[in-house]
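Data first, discussion second: the structure below is written as structure tokens.
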Amino acid sequence: MRNGLLSQLVSSPMEIKVYYEDTDCGGVVYYANYLKYFERARTQYLETRGCSIADWMQRGVIFVVVHAEAHYYSAGRYGETLRIETDVADVTRATVTFSHVVREKLSNRIVVKGSARLAATDHHGKVRRLDKTIVTALRSVPRPSEAHIPEP
Amino acid sequence: MRNGLLSQLVSSPMEIKVYYEDTDCGGVVYYANYLKYFERARTQYLETRGCSIADWMQRGVIFVVVHAEAHYYSAGRYGETLRIETDVADVTRATVTFSHVVREKLSNRIVVKGSARLAATDHHGKVRRLDKTIVTALRSVPRPSEAHIPEP
Amino acid sequence: MRNGLLSQLVSSPMEIKVYYEDTDCGGVVYYANYLKYFERARTQYLETRGCSIADWMQRGVIFVVVHAEAHYYSAGRYGETLRIETDVADVTRATVTFSHVVREKLSNRIVVKGSARLAATDHHGKVRRLDKTIVTALRSVPRPSEAHIPEP
Amino acid sequence: MRNGLLSQLVSSPMEIKVYYEDTDCGGVVYYANYLKYFERARTQYLETRGCSIADWMQRGVIFVVVHAEAHYYSAGRYGETLRIETDVADVTRATVTFSHVVREKLSNRIVVKGSARLAATDHHGKVRRLDKTIVTALRSVPRPSEAHIPEP
């Protein structure tokens, strides 16, 4: 039961509804806004693994984006729900790269594929080594909140 | 000559070009974005009077918006240039209210009228009295940069 | 059972998580972004009452914002979850006014109160009378999706 | 005289002031917003060459972004003025790639390097060949507005 639930969560992408705020006068999601979606998706990825960016900040670890990229396959439109799958594509001593696939929920058509590489820095902006607990968390399966786990 | 130049500057509104980023799928400027334009316009208003928000911050004066309002008269559209007139509508012991009129540049049609009231706070978010130099600056005529004043 | 569920839904506010994209260098949610939250909240309000803005658009009814207003009581911060309660404050022949109260979820402290008045227009931007089905839907209790209603 | 003026314009990058709206709670320009700056810069690039995206749209040529990329070198900060140099890096039968270098104006330090590849489509989203006048314009030196050209 618990395993079934977990594996379901591993593959469960984030869902994002498209509002007016996201679109432009071309009638589609403005191209920069997918990078906002990537941020939301990697935050959820981390939180479901027990990682809080806010907590890290307080312990002096600040993540900054060093590279971002997006390939636009089709247009996201007003009222659609988009599903974003997120994976850790690469981890180095000081960086982690998240990769994302955005699909329209109903049709499953691919909308955007992209990635963002983040570096860990201290409060002065100096790059620092990722500590082990972070790397372990990044590689772990998602930890569902207690609310979602039925007692056995 | 100098007077003529100054009075021209007093009335010279900020010009803002409308890009895709500003619009929504209704084909017009998204309603929240006028509050971004207001911020740009009041920043320019202050800077042409020798006031720098960044400087104030370093001296411990932080301005926070306590109220904002916009009346939408007509739609701003992609490619248009908007002109924003800014005035100080009210100054109290701890707040200043900026009022704005946004017009389409070519036709002069009114697009939006609005206002934002800002309160001065310290670094802990506690409201503090506006100091005299700020009030004086707010009430002054714009101070053109040297680059714009021809030597007599 | 069903009644209990419905009344729960009537009062259930929309939850919005605050991301980096929402904040500014003051460390708090940027003041214009609450108008984006209002849009999300009124969209949800309408959808839970069986109203789709996209459907109306196809039938030639376009809603435009004619007035928006926000009072800022406290700062929304990164990582917080905000809860937005939405009500219809007023309905006239051609306009509907939504009112919103935004609270921080854990502490229940009030963050922002605001409103947006929308007018119904046709494709040429001409104001038109709200039709009866819209008014009825606006005044109705939310219609939960089938997925949320347990079979009796 | 005229040549001098032209060459000055060729190399004149777009200047963008950083406002609160552009920053995030990390105290720096939010990473997605550089893609907004790219849009402003390529629009200016085109307009100074006599190309209007709005005009093309009316003639049935719509440009959509098919790829975008940004390398973040240093942080852009509130109150800074950024300068964006724009070049056409590549032109194919149906696409044009703009490349951008963003520098902080005073220090000349590199902030971001990036690019966006746009494809020409018709109103149905079908890719179409770039017509010759567009390609010629893209490759041309900027055409200063009459206001800027002193009569010989």
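Letters A, B, C and D mark the chains as written, and numbering starts fresh at 1 in each.
In this section, a contact is a pair of C-beta atoms (placed from the backbone, for glycine too) under 8 Å apart; a residue touches a chain by one contact, two chains touch by 3 or more.
Every value quoted in this text rests on a predicted model; they were computed, and no experiment measured them.
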Farthest chain (mean CA position) relative to chain B: A
Inter-chain centre distance, chain A versus chain C - centres from mean C-alpha coordinates, in Å: 26
Chain centre separation (chain A, chain B; CA means) in Å: 36
Residues of chain D engaged with two or more neighbouring chains: 20-21, 26, 28, 32, 36, 39, 78
Chain-level touch network, classified as line, ring, star, complete or other: complete
Interfacial residue positions of chain D with respect to chain A in the complex: 26, 28, 31-33, 35-36, 39, 62, 64-72, 75, 116, 125
Touching residues on chain A, where the partner in the complex is chain B: 20-21, 23-28, 30, 32, 77-78
Residues of chain C that touch chain A when the two form their complex: 17, 19-21, 36, 39-40, 43, 52-54, 78-79
